[in-house]
Each structure stands twice: as structure tokens, then as C-alpha cells.
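Chain nomenclature is as follows: A, B, C and D, assigned in order of appearance, with residue numbering initiated at 1 for each chain independently.
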Amino acid sequence: MAPDQIVFWVFAPVSVGSAVAMLFQRNAIHAALFLIVNFFTLAVFYLVLGAPFLFAVQIIVYAGAIMVLFLFVIMLLGVDREESLVERLRGQRPLAIVLGLGLAAEIFVTARASLGLARGPANFDETVNVGGNAQALSHVLFRDYFLPFEVTSILLIVAAIAAMVLAQRRERTTVEAAGEAEV
Amino acid sequence: MLRSVWLVPALPLAGAAINLFAGKRLGRWAGILASGLMVVAFALALGVLAYLLRLPGNERLVVRHLGDWISVGSFRVAADLRVDPLSVTMMLVVTGVGAVIHVYSIGYMDGDPRYGRFFSYMNLFCFFMLTLVLAQNFLLLYLGWEGVGLCSYLLIGFWFERPLAASAAKKAFVVTRIGDTFMLVGIALVFLRLGSLDFSAVLRPSIESVQPSGVFTVIALLLFAGAVGKSAQVPLHTWLPDAMEGPTPVSALIHAATMVTAGVYLVARTHVFFEISGVALTVVLVIGLVTAVYAATCALGQDDLKRVLAYSTISQLGYMFFALGLKAYAAALFLLVTHAFYKALLFLSAGSVMHGLGGETDLKRMGALRRAMPFTAAMFGVGALAIAGVPPLSGYFAKDQILEVANRSGYLIAWLVALAGAFLSALYISRLMFLAFFGQDRTERAAHESPPVMTVPLALLAVGAVFGGVLGLSVTSGRLQGFLAPVLGELTEGAGGLPTAVLSVISVLAALAGIAVGWLVYGSGKVDWVALRVRFAGVHEFLAHGWYVDDVYSTSLVAPGKAGAAFLASAVDQRVIDGCVNGVGQLFQWAASRGRRLQTGLVRNYGLAFLVGVVLIFVYVGVRLS
Amino acid sequence: MKTPISYFVVLSAVLFAIGSVGVLVRKNALVIFMSVELQLNAVNLALVAFSRLHGNLNGQVLAFFSMVVAAAEVVVGLAIIVNVYRRMHTANVDDASLLRW
Amino acid sequence: MLEAAPEMDWLDWILLVARVVVVFFAVLISVMLLIWMERKVAADMQTRMGPMRAGPRGVLITLADGIKLFFKEGITPTLADRPVYLLAPVIAMIPAFLAFAVIPFGTGVTLFGRHVPFQIADLNVGILWVLAMGSLMVYGIVLAGWSSGSNYPLLGSIRSTAQMISYEVGMGLALVAVLMYSGSLQMSQIVASQDRVWNAIPQFPAFAIYLIAGLAETNRPPFDLPEAETELVAGYFTEYSGIKFAMFYLGEYVNLVVVSSIAVTLFLGGWRGPHPSFVAWLWPLLWFIAKVVAVVYLYIWVRLTLPRIRYDRLMSFGWKFLIPIGLLWVLATGAVVVLPDVYGKGALLTGALIVVGAILVASLLWPLIAPRRQSAGETPQ
């Protein structure tokens, strides 16, 4: 068994298991922790697939920033109480599970039929990741995808401003809150 | 000269615009401006005629391109003016008689509160009429056609305060519209079947080979239906007598001299179609003849001065169509021209009488007016003699030629009927003459002669009525006939028939007989015509109501139509249509009241629907791929 | 590398399906949001796998963009959830069902 | 990397494992010495003796403390979220150790006919790995604070999260400037690029930003708000005791070593230094250790000199000074890197770079030096 196969068969069950565990955790923080585990396994898969840059970005962005933000918000809002297990929507759970399984089955069948056991070029690191993954990726990114890159940077600025505007407590609301407190 | 031919219609249009927007400020100058423009237009028309006369006979066709009007794909309509003998003749009639009537109107309409607007409408009418006759294609002709219809409506209803005038305007508009609709279909058919609306492309004898003759029959009949409506022929004639509610100059200009002759012009212009068809020509002949005699009998029963003249006009127009049906187009045009003179003269004289009597039109309240208004009486007499067909006045030549052609055509019965019509014409016009200007004075107020601004035009028209015959002394070799020949073709002499001299004598005798009978009954004093009328009350009523055609229409068409409309309005519209609309609304309300339950506001429901969609799309894609 | 690409794709599909189910059955807005992130990551995995399959870096670039956009999306989404929580004092999406009939 | 795996034989694996073990223990020992050093330096600056009993001049004091903590009773609060509570100290420790994986301590040595580098893994994306591990350090604090089921730890951990996320941005910008200047993400390459002049000189603003951000990342005074005793008792590890507390303590000092090592690697030329030619593998190692000790000494010095900063000032300093200046510096570095390619005036621009750097540092320090005119209007929270 090649190392990458070992990695796959070790981490794939962890990945699926952590995802399923996230699904069943009643506590939001625990769910977030399992999701972090899942993200780590994905990072490992990126490494296996010849994308060390994305491996690092995955950890920095998802594990390091996004999930911290999630934890931060959960703790800030104090919504870490146990979630009620009563489902008020009739048929929601069975339908959701059936549909989820159906989707997975469909993709399974499609991948089996169309991809088979294809593995891609054998010497990926030599032919594609020329001069290292980061360098090769930057060549693609700053040549072929330069305009999307710039647009995305604008999107980030917009998102930052949007977050600031949304998170800001307006003066009016503070006054209202004060009024409510007095009453 | 031909470069400025566009000015002929443009000048009245400018006058119409000026008078419409500034008529009130211009005051009396409105009439002078309108009349002056018409005089200038007439002068220009004379110039065009002079130019045309200098050209060789077979080259007398000039098309003046003003620009493109409509250009959609292969459908192209140009704003072209056609100058040929026929259009020039019509143009001269319109501008000449029009100018005279405009001048007359200065006096007649004096003091009217809408003085400026009257001249605006009149000018606008002249513009549309000139567009009609100068058009080089069917669509432009149709524009003019509808335009004169609009002006006719506006002018008949000029005194819209009177309910009768308003309803008469409405009636004229609606009835002529029946014919117009057929005509529009005919024009569409021309484009569909013949591929063009341009006269030069369509109106040539070789067009015969393009389509079977049945198509031409249909086209000709549809166009003729328009002519029937516009020219007040049976069965669409009922609007014209009622149209006399308009001001008298309007009756003279529109409902005697110009607009009603548009039908004659149309048939003459498109005679190619009629000749190819043959059947259509017979229809024209029959309709014309029936109208001529029928309207003459009706004229006998009228007590209203202007209604007599209206029926007389219908009758005369019937003669014109009769002539057209006999392929004697030039003769029809000759009658058209002379009729324009003497019928305008008669109407204006009648207007003068009305002016003198304060608007009175009832013949029973007239009589012996020759003493109070001798000049008017003399002018009216000239017109009456002309229409009766007494030589050497213009009417004699025109009518005599038509009878001559009829006699030679082989339709002996038609000739006899037409002769009877001629007799009746002389009879009703002499009845009118004697009742109004001779016998006892039955007026209720003192009559007076009209001012010179009205009488001078009368004199001018009288000159035309008397000497108009010079234009076409002979049916084959007259000047007008020769002038029109390049457009309308030479008249083919029919074989047989009576000699020309004999025919002339017969028609003169018929006219004199009519006058004699008229004198005997109404002028001599030997017959008590009032008692006669009481005795034959039924006949009189029958004639007075125009054979009850109107009443038949009312009961057979209008009343069922109204009932149907009422049914549609109360039952169909309120129950079915409104019901459908309300039902649709209620259906959607019901559906929305059920369907809005879908909008639960629960994100997870929406998400579920989302996922269902994703799964189904995958199924679809999978099926497509496999 | 010996692992067939389709293994990664199927794994990605399984993760995506789990994420979908999570979105549908969980009620806490934050957990739903996390499930959405799981879906996004599953797709990223598929993109990187396809990048490997086709022997070019376009898939990785796309996954990179996806991450960047996801970061922006999370920031705004969390801000919205915080605002909703401030107003309604709940993070349960079933309680925030004002936009209904 | 895994592509290369089949070429490794058993000896390579053994050497790799050996390197990991050696580094792990070296770090543990260095932490032990570091704590002793800090206490001695502090004592020296306060003109007192410091620990003297355990071992010669008290050098074993940390060991004694560790043994004591190991035998203390481990208390788990009732309201604590037990699994997370137990997991948090471990999580706090691991990233710090992992960050060492990419740091080159020296040139390497030849053993059994193979070249053995003094570095566990020369990752292609080394700097990003450092950043990633730095961003993971926050988890231990966050989870510890939350899982304790108590208010002070929670507040401490929220503060800490905000502080670390904020300063991570500044630190990232400093690293970006360095990697742009060096033209590589690989640690060994960055060290190699400093063969003429240390990055600390042309990249002085980045160095300054990194040092300040490092203070915040390690939660050391004057940026030790998450565990400010006077406000939050002991901050996020208030409820921790015994071996679990020891792990936090350990993690914190490992962190300090990591930050210092990275500073040395990125800015101070790493293991580079003049050395004699005999025992060639040893001198770079010594140079490295010496530089790390120097940086650590700087941190201890700062800790003992500066008072704790108010929390809102801390945040506004991070967001309003450090990050903008970092951004500007990245821009300037970009210009310096790219412009010579276009104009070929490298030397001139390097000079300009030093000038601009000096100006920026001056502006960075200006708010600290200049008298506070607006302070009257501000009210401490």
C-alpha cells in the first residue's frame, strides 16, 4: 500500500466520522470542534493531492480564521445551550436523510461511471507544480486569473465593510435598549 | 412649374394650421387668408395645366417624389404626387370651385363665433382632397380619402349645438366608414396580390396577366364599395341628405362639387381593374342607374330646399357612375366638372336664399322670391336650366353625351331608364324653381338680396355653368375628352343606335317635358299642388322618406344592432367577460391563499426544496448522459 | 499517487451530502452555517481532486477563490446572525420565520 | 512530499524520527532553561537573587515546579464541559511544537553517508505553516476559557481571541513583506537569501511589527490582557490546576521560543554567522541558539520594563497603527522588489528602503513617545 493510500484510508473515515459527529452534536461548540477536525483531514487530502499551498491556506483560513470566528460568535452570543431535539417540521428529517443519501449515491454512480479508477498524471509535482506548488499556482493565478483575483480582492474589502456596518450597534438601538431597560 | 406642385396641397394645409392656431386673433382676416391661399393654389394649378399642355399627349405624366413615407422591409410607400390629365382636372375643380366657395363663405359665415375654425376646416378639407387626387399610390389616396371623411364629419357637425347636425355628422362618418372598410381591404388585396401600391406599377393593362380575373373582380368591387360610400350611391346614400345640416358652403363644396365625386375619380383612376373584371363594370352601371332614377324620384318628394339638391346630387352622381359603367370615363368626368359648376351654383344660390330668409329652407314657406332677390333667382335659374339639360348650357352636353353612349351601348332599357331619369331631373328642378321663386309669396319675413361677396361668386359659377359645355362639345372629340384620353382611353364607338342628332332631340324633349310638367303643376297656378299632395299622400310620404330606406335600415340593421349591443353589454360583457375577469382574479386569489402556505418562512423548508431540485437535476443529467 | 481520483470525489460527495442533511435538520443558525461551510469544503476537495485528475492547477485556483469568498461570506453571514440574535434573542432558524404568509 | 515517500528507506525513516525526538526534547529543555533565565533576569533587574536552591544557581527550579504541579490534585469544575476542558491544554501545546517542524537550526551533518539537515521538514510553504500554527494557538485559549464554565475564563478567552486574531493580521503582513523580499516561502531559502545582509536591516519595520505582534501572540506583558490578574484573576486558565496548568505554562514558553526562533530565522540570518572551519556543523547551531537567547532576553526585558496596556488601546494600536503601517510596508517592499526589474536601480532603492523604514519606525513609536493630549477625554474601562 502506497503512503497516499494509507493516508486516504486513515483520514477518510476520520473525515466522514467527524462530519457525521458534527451532525449529531447538540452543542454548537462541539459541532464546531468536529468540523475543525474535518477541515484538518481535508487539509491533509490537499497535501496528498499535490496542493500544499491550499493545505496551508485551508488551515490558516478555515481552521485559523473562520472557525475561530464561529467559536467567538458562539461564545459571544452564548448560544451554546443544548439544542432541542424535537423536530417540528413533519417529515423533514427522513426526507433530508433520503435526499442526502440519494445525492451521494448519484454522485457515486456518476463518478464510478465517468471517472472509474483514473488517477491523473503520475508525475504531478514535476510537470504541474513546476518550481513548487506555490510558485506554479501563483503563475496561474496572476496570469490566467488576474482579473478574478482583483475582483475577489474588491469583494473582500466590501465584505469587511459590510461586516463592520452590520456588526455596529447603532446609536438608536442603544437608546431604545436603554429605554427598555428603564421600563 | 412641376417642382412646386407640392405647394398646391401645401398652401391649404398651411392655411388650416394658421387658422387653427391663430384663427381667433385673425378675425375677419381668417376668411381672406384662406380664400387667398385657395386662389393662389388655383393659379398654381392653372400653371401646372399650362405646363402639362405643352407636353405631347402621351407624355403627360409626371411623378413628383417628395420623400419616403413608409419603408418596412419590402413594403415601401413613397410620398409621391402624380400629375396627369386626370389629376390635373380634379385639382382644377377642387381649387377652382373651392376658391370660389371660400370667397362666398366670407360673406355667408360672417358673424359666426367659430369663423376661423370654419376656414381652418375648409382649408384642411382642400388639402386632403388634393392629396387624394394627386396621390401616386393607394395608401396616400387612402390618407386623403379618410382625411376628407374627417373634414366632412367636422364640417357637417360644425354647428354641433344642434342635435340634428351632430347626429348627421355621426351618420355621415359611420355610413361612409362602411364603404371605407371595404376599400381598405381592397387596398390590402392590391398589395397582397399585385405586390405594390404604386399606381404606375399596378394600373396598367398588362397587369391582367398577373392574377386571374376573379381577383380583379373582388378588388374592383371592394374599391367600388368605398366609392359607393363616399359618393352616396345606393345603398349607402342615406347620409348625404342628412348632411345638409352643415353650413351651405360645405354642402356646396364637399357634398356637391368635390368630396362626393371622389368615388367617381377612384373608379376612373382604377378603371383598369374594372375593365379586366367586366362584372364589376356591370355592377357600377346598375348601381349608378338605379341611384340616378331612385334619387330623382326622392327629390320630387322633398320639401326642404337643400334636401332636394342633395337628392339631386345623388342622382347626378348616379349618372356619373352609369357613365363609368358604360366605359365612358371621359363623359363621366365631363359631367363631374360641369356638375361641380352648376351644383355649386345651385347650392350657393340656395345659401343665398337662406341668408336672405334667415335660415329658412322649407319650400312651403317660400315663393315669389324672384321679386325680393332677383339676382339670386336668376343665378338659380341658370343652374336649374343647366341641370335640367337645356341647351346650350353645360349640363345639356354632359347628360346628352351619356345618353348617347347609353343608346349606342346596346343596353336599350338602360337608355330608356336614364332618359326617364333625365325627365325626372327636369321635373324636380323645375318644381323647386317654381315653388321657391314663383307663385304666391308664402314667406314669413321680408327677404333681401345677399351682399356682393356672395353674389360675385355666384356669377363666376354661373359663367362656368353656362359655358362649361365648351370643354366637351362632343363625346368623341371634345377638348376635355381629348385631354383625358391618355389616361382614360378613347371611347370605342358602339355599333348601331340612333343618330346623334336624333338622340339630342329626344333628350332635349325629355328635359323640356319635365320642365313643362313642372310648370303645369307648380308654376301655372292651374293645378292645386297642395290638394294633389293630400290626395296622393301615400306616394308623397313614400318619396319624402326616400322610399323608407332609412327606416328599413333602422328596423333591419340599427335596431337589431342596438339590441345586440345591449345584449352584449348587459349579458355578455357583465356576466361572461366580467365573470371571466373576476373569475381569473378569484382563481388567483384562491390559488394564492392556498399557495402562500408554501411560503412558510422556515429556511429549512426552502432548503429541502432546494435539495430536491438538486437531486432531480442530477437524475435528469444522469439520464441525459447515459 | 495510487489512490484513484474518484475516491476523493465520492468522499467529497459524502461530505456534501452530510452537510446538506445538516443544513436541513439542524435548527441552530450557527450550526446550519457550519454545515454550509462543510458543503463548501466538500466542493473544494472535489475541485482539488479534479485539478489532480486533469493535471493542471485551474481546480486549485478555483478552490482558492472559493476559500477567499467563503471567508468573506462567513464574515457577513456571522454579522447577520449576530444582528438577528440581538433583535430576536434566538439563533433558532425556526423562530425567525417572519417572512411567511 | 508524499510523492517522494517511496524513495525513503528505513534509515531515512529512523533519521526522521530521531530528528523529531531530538527537537522535541531540545525544546523541552530549552523551555526549562528559559523559565529559569526569565526568573534570574527579572531578579537581576529588580536587584534580588531569584531562585537559588534547586541545582547550581537554581537552574533546576523549573523541574521542581513541574514535579510539584504534576503531583497537585487535578480539579475539574462542575459546570465544565469535561472533554473539551481536558482537551484544551493539549491543544494549546501542540501547535507550538509543530511550528518547530520547519525551522532550520543549522546547516546539518553527514551521518551514515547521508546528509541530515538540522530541520525536520523543509516545507515548500514554510512561512505559511508557521502562520497556520500561530493561528491554531488560539484554540487552546478559547476552548479552555469556554469549557471551564466560568465567567472570568470566558471573558479572558474572548479577549484573547480578539487580540490574537487582530495581531495575527499584523504579523502576517510582516511575514508577507519578508517573503516578498526573499522571494520564497521556504525557510531554508529565506535563510539562504540573508547571506549578505540580515533581513532585519532592510526589513526593519517588518521586524519591529513582527516583534510587537509576537508579544501579543504569546500573551506576554505588556500584552498579557487575557490573563490580567488584576482584572480577570488568572484569565483563561483560572480553573486549571496541576498538570493541566503545567501544560498551558509549557505551551506558553514553547510559544515564546517559537516566536523567537522564527524571528531569528526570518530577520536575523538564522544560523548564519562567521565561524571557524573545524566542526563545521556545530557553529551554525551555536549561532542560532545565541540569537534566540538574545531575542528571548529582549522579550524578558520588555516584560519587566513596560506596564500593561489598556485593552481598547491594545486593539486600536493593533488595528490603527500596526496593520496600516504593515500594509504600507508591504507596498513599499513590493515597489523595491519589482522596480529594480524595471529600472535596474537596485542599490539606490535599497538605500531608499532603509530611509523609509526609519521614518516608519519613527512614526510607529511616536504615539508612545509624544505627550497624550487627548487622554483627558478618555476614560479607562
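Rule of thumb we're sticking to: contacts are C-beta pairs under 8 Å (C-beta built on N, C-alpha and C of every residue); 3 or more make two chains touch, one makes a residue touch a chain.
This is a predicted model, so every value here is computed, not measured.
Trainee: Identify the chain pair with more contacting C-beta pairs: A-D or A-C.
Mentor: Pair with the higher count of C-beta contacts: A-C.
Trainee: Whose Cα centre is nearest the centre of all Cα atoms in view?
Mentor: C
Trainee: Express in whole angstrom the distance between the two chain centres, defined as the mean CA positions of chain A and chain D.
Mentor: Those two chain centres are 28 Å apart.
Trainee: Would you mind pulling out the distance in Å between where the CA atoms of chain A average out and where those of chain C do?
Mentor: 5
Trainee: Centroid from C-alpha atoms only, then distance chain A to chain B, rounded to Å. What do you get?
Mentor: Chain centres of chain A and chain B, defined by C-alpha means, are spaced 86 Å apart.
Trainee: Measuring centre to centre with CA averages, how many angstrom lie between chain B and chain C?
Mentor: The computed centroid separation for chain B versus chain C comes out at 82 Å.
Trainee: What are the residue numbers in chain C that touch two or more other chains?
Mentor: 1, 20, 24-25, 27, 94
Trainee: Note the residues in chain A that touch 2 or more other chains, in rising order.
Mentor: Residues 2, 4, 48, 50, 53, 57, 65, 69, 76, 89, 92, 95-96, 99-100, 103, 107, 124 of chain A touch two or more partner chains.
Trainee: By the touch rule stated above, which residues of chain D touch at least two different other chains?
Mentor: Residues 2-3 of chain D touch two or more partner chains.
Trainee: Spell out the residues on chain A that touch chain B in their complex, using ranges where they run on.
Mentor: 89, 92, 95-96, 99-100, 102-103, 106-107, 109-110, 113-114
Trainee: For chain A, which residues are in contact with chain D within the complex?
Mentor: The contact residues of chain A facing chain D are 2-4, 7, 27, 29-30, 33, 36, 47-48, 50, 52-53, 55-57, 59-60, 63-65, 68-69, 71-72, 75-76, 80, 123-125, 132-134.
Trainee: What does chain B use to touch chain C in their complex?
Mentor: 596-597, 599-604, 607-608, 611
Trainee: Over in the complex, which chain D residues touch chain A? Could you list them?
Mentor: The contact residues of chain D facing chain A are 1-3, 5-6, 81, 83-84, 123-125, 128-129, 131-132, 134-136, 138-139, 142-143, 145-146, 154, 157-158, 161-162, 165, 168, 185-186.
Trainee: Okay, in this complex, where on chain C does chain A touch?
Mentor: Touch list, chain C to chain A: 1-22, 24-28, 30-31, 33-35, 37-38, 41, 44-45, 48-49, 51-58, 60-61, 63-65, 67-76, 78-83, 85-86, 91, 94.
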